[in-house]
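Both of the next two complexes hold chain A, though its partner changes from chain B to chain C.
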Partner chain A sequence: MASDHILLEPVSAAPQGLSITRVIAEFKGHPLAALSALFFLFAVLAAIFAPLLATQNPYDLATLNLMDSRLPPHSEGMLGEVFRLGTDDLGRDMVSAILYGLRISLMVGLVSSLVAMIIGTIVGLVSGYFGKVIDSVAMRLVDMQLSIPAILVAIILLAVLGRGVEKIIIALVTVQWVYFARTARGSALVETKKEYVQACTVLGYSHFRIICFHILPNILPPLTVVATVEFAVAISLEATLSFLGVGLPITEPSLGLLIANGFAYLLNGEYWISIFPGITLLLLVFSLNIMSDYIRVAINPRRQA
Partner chain B sequence: MPSPGRCTAPTRDAAPEPSGSEEPSEAFRPILEIENLSVAFPTNYKEFVAVKNVSLSIRKGEIFGIVGESGAGKSTIGVAIIQLLDYPGYIKSGSIRLDGEELIGKSDAELCRVRGRQIGSIFQDPQTALNPVLTIGFQLKRAIRLSTGMTGAQAKDRAIDLMNQVGIPDPEFRLRQYPHQFSGGMRQRIVIAIALSGNPKLVIADEPTTALDVSIQSEILTLFRKLCKERNVGVILITHDMAVINEVTERVAIMQGGVVVEQGQTEHIINDPKAPYTQALIRAVPRSDVKLNRFVLWHKNQVENEIKEDHRAIPGWFNSNYEDALPDPVLEVKNLSVAFQSKGLFPGRMKKAVKAVSDVSFQVARGEIFGIVGESGSGKSTIARVLCGLEKPNGGSIHYKGRNISGLLRRRDVRQHCLDMQMIFQDPFSSLDPRQSIASLIAEPMKVHNLVAPAAIPGIVHDVLERVGIDPGSASKLPHQFSGGQKQRISIARALVTRPRLLICDEPTSALDVSVQAQILNLLKNLRDDLGLTMIFISHDMAVIRQMCDRVIVMNSGVICESAQVDELFEKPVHAYTRHLLRLMPKFSLRTT
Partner chain C sequence: MTRFLLHRLSQSILVILVVSTLIFFGVFLIGDPTTLLIPPEANQATVNEVKRSLGLDLPMHQQYLRFLANAIQGDLGRSYVFRVSALVVIFERLPATLELAFSAMFIAVVIGVPLGMLAGCYPDSWVDRTLMIGSTFGFSVPTFWAGLLFILLFSVNLGWLPASGRGDTVSVYGVHLSLLTLDGLTHLLLPAFNLAVFPLAFIIRLTRSGMREAIGLDFVRFALAQGNTRWQVIRIYVLKFISIPIVTLVGMYLGVLIAFAVVTESVYSWPGTGKLIIDSINVLDRPVIIAYIMVTVLVFSIINLIVDILYSVLDPRIRTE
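Let's turn to the complex of A and B:
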């Protein structure tokens, strides 16, 4: 039998594993990461099932009782219900307000970072792949936007657009797309120079095909990490904007607005109106950051299996 | 494994200068003795033993070679001697004695006195061996200070002295320069100077010339020989290149899979190898003195005694393209020029242009393997990229199958015309999309260009994988699960799927081991015979060119120096540059054929 006819087996028997299995393995190995993931999951579930979990609908102004306002934690209200974390100045039960506030914060954060990811990735990919003029123009746009502080951009936009959830999302997307664009462009530049992309060009594939089917799947790992971080940033940014009073209306409070609300009462000693939403916000952003740290480590292709 | 601690400089008179004369028995005393060394790397599944029971002895003033293919464990031995194994590797057993002193079991502080002072190391990649933000002078003087304690003007004099010894011109001026201002060969000389700064008794050189051109390589090897004799240091030269071993070393050890297969005098081993693996390794090296039909291969621990050609029936689909008549010559290149310009600030203002290819003309006849040989920077890869449409030419014309395609390769009609011109790239590790299974990689060209009915695609993928020697059952695996040689076979399969008539091979085996190289080159020759391919083969290795090509052009700095039939070129070279290349090529001629 001629030696050239040996049918060669692949060298490593077990596949290195999809990114998701590596991430899960990493989380299992580090208790802090697992704890953060659990907390985040708990927060998401609480937000989804808020209407079932909350004892009171804080948006329904008719159910609120002004006589119940600013009651400390574990006090009884007019109708006999116990307010576990107290009430705020409008008589809203803090627990319900936090649950609904979580909803808004998470939703705004998720939608804005997803949309920013899509827009930023497209711009970054096209810019990194084609290079030259397109790259210069796009990156100068990015540079111009990055030179203005994010909050300033958001405030100007919101001043023009007005209040409301959709307007906040537009403002956040405008602020965040640049980070995705920069990361996508950097990775696309590296991948475009590699020989497999040149092989695709020689094989006659269209630009569209190369970008969508060959370059995009290979730049997803760093983008996923940026997405997780930007999710956390979006939530904090929205909280900041609401605190400053340019975000959501007072009747649909997010966590930031709740904190802002209670600010005036802190010196009074009525800490619970600000502190509890504040702690929730802190834990949420903290757990997201920890998770993104460990995801970044887990999907790093240079680590040994 | 403890990490290296801080080493402090000794007092001034610590390091002895090498003594001039020695008694004859002294000269043959081994400077390094390795006995039954085993190095293991624990992994999740079990322990991987990289080096098994290796025993070597290196004498003063000799160059000792360790040869093997990738994974043989030769670099691991080099690293184990100076005890810089990557965690979690550890020395399982054995003893390493430097001039009688046992090295294993020494504390980190004691080892610091050994590393750099008694044992110098030279690693493979000159690009990353030097700190890019410090001047050469700073790095060299620091090495001198740490090993001999000299400071100030004394250290500077010594640094200049070392630079002169390694052959760097104008050392006073060069001391103030940074690593990026030197070429690769110069950088390697500086690394050698740093390694020698402590007057070591032993120097470990791990593939010192692999990343360098053949002319620089010969200079560095001459330098090694000179320094070895003058200073009476022992040198361990770790390499995979048998020709280098033949040129420079006195004794050699052949390694395979962590075990020393054979060791002894270089002359004896190369001309009369006893172990079958050594025989196969030597026969797989491309010979530069005569052209063989096929390489001899190593299969299941035996050497193939006959050189078998592998002709198998090609499935019908593959053959169907090859019945059309192809014009002769297939490719005509006339006055091709490619220049890379750095962009000026204002358009229209010409900045310095690098002329990669100047006024190159050649023709490729039907069915021949056309070779382009040259050193790095000669423009050979640029020609390949221009032919495939990856670069635009600045001047000249390219006629493929009778039609002018210069600079138009992005247009749809020209693309269709050129679909049967395919390229095999140099680096197998980055030429396959890491996120796609090899089945979809190979099937994609057929899908995109609608070459065949979708139902027939899996069958064709199966056939072509079998033809290049990959098990079709592993078609759903990802590229990283295959070795370098296997990946190159997959690249060949992907190129074959569009039924090419012209195959451009841009250094396809430069990154592969010698035995794998022999397999891939045999495969290419078999495919050429079966499918009637025309090939352009680009390489910097003269011996490979001799074995593969029918006609050759020699390129230097973008210009063709000589163009001839391959036997004529090697036996009666006309141009001075060709003679220069042939003279510098490490000779691997066997006394018996």
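Let's turn to the complex of A and C:
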């Protein structure tokens, strides 16, 4: 299930900052983590170079041959080409469809979790640094939104907005900014009470300078963990919403839409149309979640003690 | 305690009020439902007549006030599709959704708590590692895709369980339940397991971390020193200690499961509120959309309140605060 409160325990702030070397060392020591990172890198590269890797452009209906529709994996098409993972109902090569679907899924996930991170971090920082009225209003808003499950908020929003790439990004950002805001606020609250912030204040630094150049770098480690988790959540939630028919339009076949498209044929035993995009989606989300687990361990300040 | 509950109650009422306002204006923006209800060849007089009968000719703020006044009296409008009260449409389907969500939670607790305890008892053993990776896997699998896999495996290939519908139901005080007939139970099994995957993964993790924390605490060491067996200590003391976070999680996730039933119900054609809301969004059945959201938020508030009460029963420290 794709969504709520993936972060069971609050992510603690690491006072010594995000050490890339420490994260890399952690990944090197654990085959599963290294494998996840490799797969993720591979998936990102495949998505970027999809137009070069795909044997056909799945959007270009002229290149498709309806005679090749719903062929099982490893079958040969009318023109003698081999479909490694079979074809869908339009005669689309599943390998090409998955590569392009990966592109859309990763793009939507990345953009929405990045925007959510920026908004959430700003709200959380300001809230935690200034406190008082701003803080209580912002956190009341966060609590109120968290009392309604993410998927419900997204479905309601999409019911109002309709289908489309920018609309699903708006829905995902609306759902996800609260998790960043909560983490940023908690860490900023801890940092603001520390001596270095007092020193900055005494030196007469502006609030803006203190927040951006002194507090922000110190709260990045926990935000990184939230970001990896929310990236996975965004990908999974987009797929779910698209599967339900309230997410992306049919012109943007993300992994979720590919799976939905194959659902009708699944009951006849034509498994490949749904299963292969599903495996790709699962591995993508799984590798991100495994990576976030290990990053969390790597930046845990208690571990150094 | 009473003050605490009153505080939470007022909070819930505020949430419901805010949600109802947002929903009303949100749905107002969706578009004009008359175009969907009337055949395109109808003349303007018919269009106006339908608009008047639905109250859509009034200005927005008047519609809002009317909506609020009616909502307080339990009237959320008539469904454009079913031609009956939207609340009746929701309440007819709510038992199916609740049955699904509660069954899934039951499965998650019954399997998750023992597995989590097992993992917590043997830290860093192969059992622990396998269960941790398994639980990460569990919350990585998108629910809808796990649902498809279950259908492919258990319905298409093995032919053991049906893939859609509720099967035979029994009426208990007017509420239809699948749980009590053999046919209904076989229909319930796959969707309930599908919905249980996610909370199961979390309950395993939560129970495990609770166990690991408890094992190091003084009361466990004393209990062991008293000559109790390991099993006795776990059953009498540790279980009580870890029950509080588990109850919180179960309470929190019941709401999430009711929301996520949308996905499972769509995959398994389970005739609950989740399938209804997706259908209603597609035909812009405004009153049903509003009624669904209001009822769901109300159910969440009730669950949260029950969890708060359960807390104070389990943890005496909260009662005195």
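Please note the rule applied: the second predicted complex is superposed on the first by the 285 of 305 C-alpha atoms of A that agree within 3 Å, B and C clash if a C-alpha of one lies under 4 Å from a C-alpha of the other, contacts with A are read in each partner's own complex, and residues count from 1 in each chain.
Quick note on the criterion: a residue touches a chain if its C-beta (ideal position, glycine included) is under 8 Å from a C-beta of that chain, and two chains touch if they have at least 3 such contacts.
As the structure is a prediction and not an experimental result, all values here were calculated from the model.
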In the superposed arrangement, which partner chain does A:Val123 touch: chain B (first), chain C (second), both, or neither?
neither
Once chain A of both complexes is superposed, is A:Met291 in touch with chain B (first), chain C (second), both, or neither?
neither
Touching A:Leu248, do we find chain B (first), chain C (second), both, or neither? neither
After lining up the shared chain so the two structures overlap, which partner does A:Met144 touch, if you call chain B first and chain C second: first, second, both or neither?
-> second
Review point. Of the two partner chains, chain B (first) and chain C (second), which one does A:Leu203 touch, if any: first, second, both, or neither?
Key: first
Of chain B and chain C, the partner touching more residues of chain A is C
Taking the superposition as given, does A:Ala33 touch the first partner, chain B, the second, chain C, both, or neither? neither
The intersection of the chain A residues contacting chain B with those contacting chain C is 2-6, 8-9
As the complex stands, chain A meets chain C at residues 1-6, 8-9, 32, 144, 147-149, 151-152, 155-160, 232, 236, 239-240, 243-246, 256, 259, 263, 266-267, 269, 271, 274-275, 278, 281-282, 285-286, 289-290, 293
Chain A partner, complex, touching residues on chain C are 14-15, 18-19, 23, 26-27, 29-30, 133, 136-137, 139-145, 148-149, 151-152, 155-157, 163, 195, 197-199, 202, 205-206, 209, 252-253, 255-256, 258-260, 262-263, 266-267, 277-278, 281-282, 289, 293, 296-297, 300, 304
Within their complex, chain B touches chain A through residues 44, 297-299, 304, 308-310, 312, 385, 388-390, 415-416, 418-419, 422-423, 425-427, 430-436, 444-445, 448-449, 466, 469-472, 474, 477-478, 480-483, 485-486, 489, 491, 494, 498, 519, 522-523, 526
In their shared complex, chain B is touched by residues of chain A numbered 2-12, 15-16, 194-196, 198-205, 209, 214, 217-218, 305
